[in-house]
Structures are given as structure tokens and as C-alpha cells.
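Two complexes, one shared chain (subunit A), two partners (subunit B, subunit C).
Now for the complex of A and B:
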């Protein structure tokens, strides 16, 4: 019993540690005084400033557009790549392709950023929205491949043969049989690519040039100038956004899990969900 | 069918060529050129003979090591206790949630917390220690970097622990092992793969966290990542920047060789987590 208490206290402490800085930011976003030192009174002023800040709003929209476009294109290329890799018969070619696929997953962001900067300069591509978009597509493709590939491998080839035997064209087989089967992998790939793009700072910082900024780059340049409670307000909005996403994801998962369980008639075991 | 499949591969193969192979070759090539674009070994000679660069690399390695040890010490018990709780999925989501808050915002929070008249100094004054210079010091960089990396260490260790068969632990206890013996001889060795994955996920990014060193460490803390950023963005000496980049890539391979289970970085850990949930 005593041990149980200790572990609960330890966990609570770690969670406090993880959340204190975030709540600290959010708390001071309501501060009437201009800094994060003394709370002098409650105000919505910093939120009003944020929503009146044209430049910031454009940057937010740009960031979302960039994330959406890059993740869509990365999902398309990555899914096609995963299908292609799965179709390779030779083991050596397969593992070579996978190794190349993982290079961008393991290299540090500064290396990706610096080497892409050299590449764009060598190719004569000017820095801006285009170069950032290309970079985000490039670093999102490998994760899409990794998430789609297991689904493609899971697929029984007799499904494809059956479709062909029943007279489906290649396109029909692809769009009506293959894609629906691997759809869960495609969705999680898209979702991850979207998160990567929103989250990235280092790569963008290298290839963005002067005219274009994403949210992360903007926060960096403002934070270098010191404290502005508008950033606090922004972090509160972003925390709320992430919270809604996470909670929504949790409940959708719980719901589909219990449905799956009910269908297969298994008992509901909480821990079973976590096992890969 | 064969033709269709090859057609499928064209964009993907083009991606490998252009964005995987070409950048690696280009950074290697660039490291052998001087500012006039001529071939030279000078960058490597400068790197190898200059105490500044060697000291910076050692420092960077040392900091990354400290960050990894600190996060490991905090994360292993967390992951272990987490695997014993009810409602694990909810707890796990609470661990993942901070990783979805942009890294810059989290770093920014510490600028406020650690400033001259910030909350931490107010607390220090309150307990009688008096205000200290917290920002722009080595320890504040270590603290913030560890804070950022903790979830990426917890998740792979947690995954390894839940995969451990509880029957093995029970068997060990039944055979008379003490709790400590069970941990040392059974639990820890069997979850070592998770620890290795976590070390990879934390160590390699810690070598290149230039934004944290800039915002929190001031110009006191220089890591390999900071040096690369400076050479590329400020002094425009791309040749030397690429040389340091090549050194960083070599270090990365050494780490991956030492912890050779699987190559993981933040992104992969997060992706694994999404699959697990």
C-alpha cells in the first residue's frame, strides 16, 4: 500500500513538472501587467490584440495551409511508394529502399535544414513558401511510408486476384479494393505528416528566407526580442486546439474500440488497447 | 501490373534521389570547398587543429550525455509506474499532449520563469536564497532541454515495459528474488530495448537543439547544432558549417551503432505511439 502511494506521488510530480510551464504561460496571458512576473489583474486584452494582429493571423493561416498542402502531397507520394515497396520481390532491394526511406527520419533537423538549403541554392530555387512547402513534403514522406507499409503487407493478394477475376479494371482494383483496405494507414500517415509540418521549426528556419514565416519561426523571432503577452495568448489558443484534438482522438478511439469489442464478443480489457 | 507498379514508384524514387541522396552528397561536397568554391581540405584541418572547435564538440557531446542521463533517471520510474496504473491510455495521452505544444512556446515559458524577477527567482528570494542569474547559464539549458525531451524518453520505455510478460516477474519473485534482484536481473534487461530507443530519441536531437541554446543559453552554450546554424545563417561560411554537419552525422552513426536495436528519433517515437494507441 505504501508503495502504491509513492508511485502515485511520483507520477503526479512528473505530470506537474510537465504541465507547470504550459499553465504558467496560459495564466499570465490574462495578466493586466505587461510581464510574466506579477499578476496585477485580469484582462482579455492580449487575446483582443492577438485577434487584431493582421500579420499574426496571416501567419497562422499560412502555417495551416502549408501543413494541409504538404501533408496531402506527402500522403499521396508516400502511399504510392509504400505500395511500390511492398510489390518488390527481392528482399535486398526492399531493405535498401527502407534504409534510404529512414535516412530523413534519423538525421537531426539542422542537418536536414542545412543540406536542403544547399540543395535549393544549387538548383536555383528561391527561398519562400515554395521552398518551405517542398521541404515539409520531403521530410513527411518517410513517415507516411512507414505507417502505410504494414497495412499493404497485411493485405491478402487473393483479394486483388479476386477483383481482377471478377472483371475489375486495374484502376477499379486500386480504388475499390486496395485503397479502402489500407485507408487506416493512409489516415494515420496524413495525420502524422500534418503534425510534423505544424511542429517543425528547425528545417523551416533554414529554408524560409526573408519574406515568409511560419508560426514557429515568428514565435522564435518575437521571443528573441523578449516577452510579449500576445505570445502567451497564442499559446493558450494552441493548447486548447491540441487539447480538443487529443480528447477527440481519445473518445473516437474508445468508441471504436468498444464497438469492435462488442462485435467480436471479447471482454473489454483496458490494457489490451495499448499493446501494439 | 508490373508496369503500373513501376509507375507508382516514380515520384517516390524521385524523392529518394532528390531529397535523400542529393542533400547528403551536397553537404559532403560542400564540406570540401572554401568560400570561393574551390576544393580544399582546409575545413577539416581547421576543425582538427582548432581548440575552439574540438572543445565545442566535446561540450556538445557532454551536454547531450547529461541531458540523456537526467531524462532517463526521471523517465524510467515514470514509465514503470505508468504501466501499473489504471486508465493507462488517459495517462499516456497526458504525456503526449505536451509534445504537441510547439517546442518554441515551451522554451519561451522558461524565459519568463527564469528571468531576473521571474517566478523562480521570486521563490528563491522568498525562501531566503536570494535572486540568482538563471537565464543564460549552462544549467538552465540542461534543465529546459531535459524538460523538452522527457516525453520522448518515457514513451519507448513504457512500450517496452508493457510488452514484458508479467509471468516472468512473478516467476522471479516465486523463486525467491528480492524486488531489487528482480529489477536488476529480469525487468531492466528485458526492457533495455526501450531504453536504447529512448537514448537514441533524446541524444541525437540534443546535439542539435540550437533554438534552445539561443533563447535560454544565451551565447554561453554552443552545441554542434548552434555552430551549424551560425555558419549557415550568420557568418555564411557554408563550407565550415557543412564540415561540422558531417561530424554531427558521424556522431549520429556512432550513437546508432552503440544502441543498435532500432533507429529512432522523436518523430518515430511519436509515430509508434500513434500506432499503439
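Now for the complex of A and C:
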């Protein structure tokens, strides 16, 4: 019993430690006092400032667009890559390709960012939205590959044979059998790539030019100039956004599960009512 | 002579690493019959199926379908359908969509698809299962869906790759009857791959026995059981007592030091041979009346018979099936008819074997 108490307390402590800084930040975003030393009263002022800040709004939209584009393209390329790796017959080639993929996953962002900067300068590619997009796609692909690959491996090759046997062309086999089967992997790959792109700082910092900034880079540069509670307000909004994403993902999972169950006639009323 | 629907001519399959999976396979498949490819795992029987289906290429030889060479025809254009060992049902589709898959690809009208799919489900005795998910079905039901998915396309030939091996004993027996019945009703040619000799004997019109990538013997179940061509076939199909022997003259053979009248001929006098005696052909009698005398060592009750193991004076092991039990350690006599003895020559080819049999059976 005692042991159980201890583990609960430990868990609560860990979560408190992780979340306190964030809530501290959000708490002061409502501070009338303009700094984070003392809470002097409640205000929406910093939020009003934030939404009046046109530059900031453009950056937010840019960041979202960047994340969306890069994760879409990375999902496409990464899925093909995963299928390609899984199709290799020789074990050595397979593991070599996978290792190359994983090295990109674990290598420090700073290195990746710096090497991209060198590459872009050498090729004479001007820094801006394009260069950031390319680098985001590049570091997202390994993530997608890693998330899609298990699903591809899980698929029995006899499914492909069965599709062909029933008259499917290569394309029909791909679109009607392979893609639906690995779809869960593709979705989680896409979501992961999306979040990675959203909060990347290091790589973006290297390859972003003068005219273009993402949220992470912008917050960093503003935070360096001194404390503005507008940043706190922005953090609060972003936190909320992330929360919505997580909850949304949860409901999508629930939905697909309950749909599977409903078809089998085992669905519970509760989950259905909760669906949007 | 019926025109064959599928012919394999001199098919050889070699892999890049030099492994030969099939060697000079000749196969003639006539329409409307139930064929079994029988052999232990690794004998190449599934490879033959894959070559017919088009999942893999033959290194040498011709695959002929209705008189046309189809070596280069891709799998999706061949008029055969396959039932896979693990069923290979699409898990993201329900039963209806699985069965309808082939027809949907052919862009048949929706009404026709509906009719044909529901009909196919009725044929495999799963009416009312159309909207079930695959994961909800038992192994036997998945098996039926896999069959429905194949037959709904009205293939000329249905290839079945050990489709019953994952089912439990009782269900397997039931499915054997159903498959056989289904084949006779639909009049589709079935090519059935199995390593289970009982299954092959029970269901087939014709069996091809394979081992190590070679076709050893083909014939009706009765032919193969009664007249196995060599030691491997005799051993693999049913249980047997196989003993070294010597041909004295036509219709007389010597084994365990005694001469016996037999039904085989056409061999050299004094030729070394092997003699097969099936355990169920051995009748137990008193030691005085027996052609052979053995001492009972062990016996097992198998439900419908007793399986008795005994040793004769020379130490040869004898397997006997009897409906009545005997006492352990007791000496018993064994008797059998001349027709119960089957003589096999060493290294005889199937054509020579058939020719020799024909030669003296005509008399």
C-alpha cells in the first residue's frame, strides 16, 4: 500500500513540475502589471495586443501553412519510402536504409540546420519560406517513415497477391488494399510531422531569411528583446491550440474505433453521443 | 481424351541462390476435376500453384491455359482465382466488400454485384454475414469467405493453397466434405495443395505426389494407395510395412527369408526390390496358420482400430491394424493375400512403372 502511495505522489510531482512553468506563463498573461514579478490584476489587454499585432498574425498563419505543407509532402514521400524499404528483399540493404533514416532522426537539429544553411548558400538558394519548407520536409520524412513502416511490415504480402489474383492492377492494389491498410500509420505520421514542424526552432533558425519567420523564431527573438506579456498571451493561445489538437486526435481515434464497433453492433451509446 | 485446361510443360523453378524448387514438372489438368498436389512442406507444391496463379515465374518451361501459353500473362489477367493458406482477406473491408472486390474491379453493375455476392455467400453457407467485419469471424467462417471471394468471379480453375491447415480436426473434416461437394456442384476445376495425405485421398479425383521439387507419381487415390511407385510414396501415403525383398520370378517374391505368391510381374528374376504390406491388410491368426509369426510389442487404441507393433524372428518391425486387441508379448500369426503384396523396384520412373503395370494387368 505504502509503495502505491509513493508512486502516486511521485507521478503527481512529476506532472506538476512539467506543467507549472506553462501555467505560470499563462497565469501572467492576464497580469495587469506588465511584468512577471507580481500579479496586480486581471486584464485581457495582452490578448488584445496580440490580435492587433498584424505581423504576429501573419507569422502564425505562415507557420501553420508551413507545417501543413511540409507535413503533407513529408507524409507522401515518407510513406513511399516506408513501402520501398519494406519491399527490399536483402536484409542488409533494408537495415542499412533504416539506419540511415534513424541517424537523421537522432542527429542534433543544430547540425541539420547548419548543414542545410551551408547547402542552400552553396547552391545559391535564397533563404525564406522555400528554404524553411524544404528543410522541414527533410526532417519530417524520417519521422513519417518510422511511423508508417511498422504498419507496412504488419501487412502480409499475400494480401497483395490476393488483390492481384482478383484482377487488381498495380495501382488498384496500392490504392484499395495497401493504403487503407497502412492508413493509421500514415495519419499518425502526418500528425507527428505537423507538430514537429510547428515547434521546430533550431533548424528553422538557421535557414530562415530576413523576411520570413516562424512562431518559434519570432518568440525567441522577442523574448531576447525583453519581457513582453504579449508573448505569454501567445504561449497561452498556442498551448490551447496544442490541447485542441491532442483532444481532436483523441476523438478521431475514438470515432474510428467506435465506427468499427458500431458496424459489429457492439457500440455503446455513450461514445456515440460524444461524437461531433 | 478431354482437352486439358491447364498444362505445365517441363517447368523448372530455380532461385537466384541456386536452389531448385521445381524440376521438370509436367502436369495435365482436365476441366471439372478435383486435383491434389500432395507432398511434405518444401516439396514445391505451393510453388506450382504460384506459377499457375502468376505470382511467380517459371525459370524454364511452359504454362499453358486452354491451349495458350500464359507464362507472361500477369496474375490479374488470368482466369484462375486463389484461396490462400492464411485466407488473405482484406481486414479493412467487411465480408460483402471482400467478396465483391473482384466484381467491383471489373465494374459490374451494382445490382449484379449484389446478387452475385449474396449468392456466393449462400453457396458457402454464410447467408446473412454480408455486413460482418472480418475480425469477428471464426477461422472456419473466414475460410468460407475466402472461398466465396474466389468463386464469385466464376474462375475456370480454383487454386487452393492448404486452405484447411489452420482449422481444427472436426471443422477440417466438415470442410473436406463441403469443398468436395462444392466442386462437384460448380464443376470448377480445383487444384488443391496439401501435405495431409488423408485429405488428398478423401477429396481428389487425381493426386500428384511431390517431393524435393519432383513429381513422383500421379493417379487416382486408389491407384496411389494400392500401388505406390517407391518407398517415399508408400511411406507418405498411409502407413506401411516396407521390407527389402528379391524377385524370384513373375508373381513370386521373397522377403524375410520366405517365398510368397504375389500379384506383380515384369521384373528381372533375382532383382532386388522393396515389398509393401499395408497394416490393415494383415490379418491376425494363430501362429500355426500364419504366413509370418510376430511377437506383439506394443499396441495403441486408435478409436476405430488397434494399432499393434510386433517383431518377427529376424527383428523386422511389423505394423498391424486390427479391430480386436491382442495380448502384449504374445506370439501371433499374420496372414495376407497375394494381392496385398505390392512390389516396388528401385529407381523406377513413373512412365516405366505405368507401362509395366499395363503390360501384365491386360492379361
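Here, the second predicted complex is superposed on the first by the 240 of 276 C-alpha atoms of A that agree within 3 Å, B and C clash if a C-alpha of one lies under 4 Å from a C-alpha of the other, contacts with A are read in each partner's own complex, and residues count from 1 in each chain.
One rule holds for everything that comes next: contacts are C-beta pairs under 8 Å (C-beta built on N, C-alpha and C of every residue); 3 or more make two chains touch, one makes a residue touch a chain.
Quick caveat: nothing in here was measured; it's all calculated off a predicted structure.
Upon superposition of the two complexes on subunit A, no clash is found between subunit B and subunit C, which fit side by side. When both complexes are overlaid on chain A, the residue A:146 reaches subunit B alone and has no touch with subunit C. When the two complexes are overlaid on their common chain A, residue A:80 makes contact with subunit B while staying clear of subunit C. When the two structures are aligned on the shared chain, A:215 is found in touch with subunit B, with no touch to subunit C.
Ranking subunit B and subunit C by residues of subunit A touched puts B first. Within the superposed three-chain model, A:180 lies in touch with subunit C and out of touch with subunit B [touch as defined at top]. Of the two partner chains placed by superposition, A:30 touches none, neither subunit B nor subunit C. In the superposition on chain A, contact of A:47 is made with neither subunit B nor subunit C. Between subunit B and subunit C in the chain A overlay, the least Cα distance found is 10 Å.
Overlap of the subunit B and subunit C interfaces on subunit A comprises no residues. Partner subunit A is touched in their complex by these residues of subunit C: 53-55, 74-77, 80-82, 84-86, 88-92, 94, 101-102, 105-106, 131-133, 136, 149-150, 153. Those residues of subunit A that touch subunit B in the shared complex are 7-8, 10-11, 14-15, 17-19, 21-22, 24-25, 28, 35-37, 76-78, 80-81, 83-85, 87, 97, 100-112, 114-119, 122, 138, 141, 143, 145-147, 170, 188, 191-192, 195-196, 198-199, 201-202, 205-206, 215-216, 219-220, 223-224, 226-227, 231, 234-235, 238-239, 242-243, 245-246, 249-250, 253-254, 270-271, 273-276.
Those residues of subunit B whose C-beta lies close enough to touch subunit A in the complex are 1, 4-6, 8-9, 11-12, 15-16, 18-24, 26-27, 30, 74, 77-78, 81-82, 84-98, 100-113, 115, 117-119, 122, 147, 150-151, 159, 162-163, 200, 204-205, 207-208, 210-211, 214-215, 224-225, 228-229, 232-233, 238, 241-242, 245, 248-249, 252, 256, 263-265, 267-268, 270-272, 274-277. Touching subunit C in their complex are the following residues of subunit A: 156, 158-159, 161-169, 172, 176-177, 180-181, 183, 260, 263-264.
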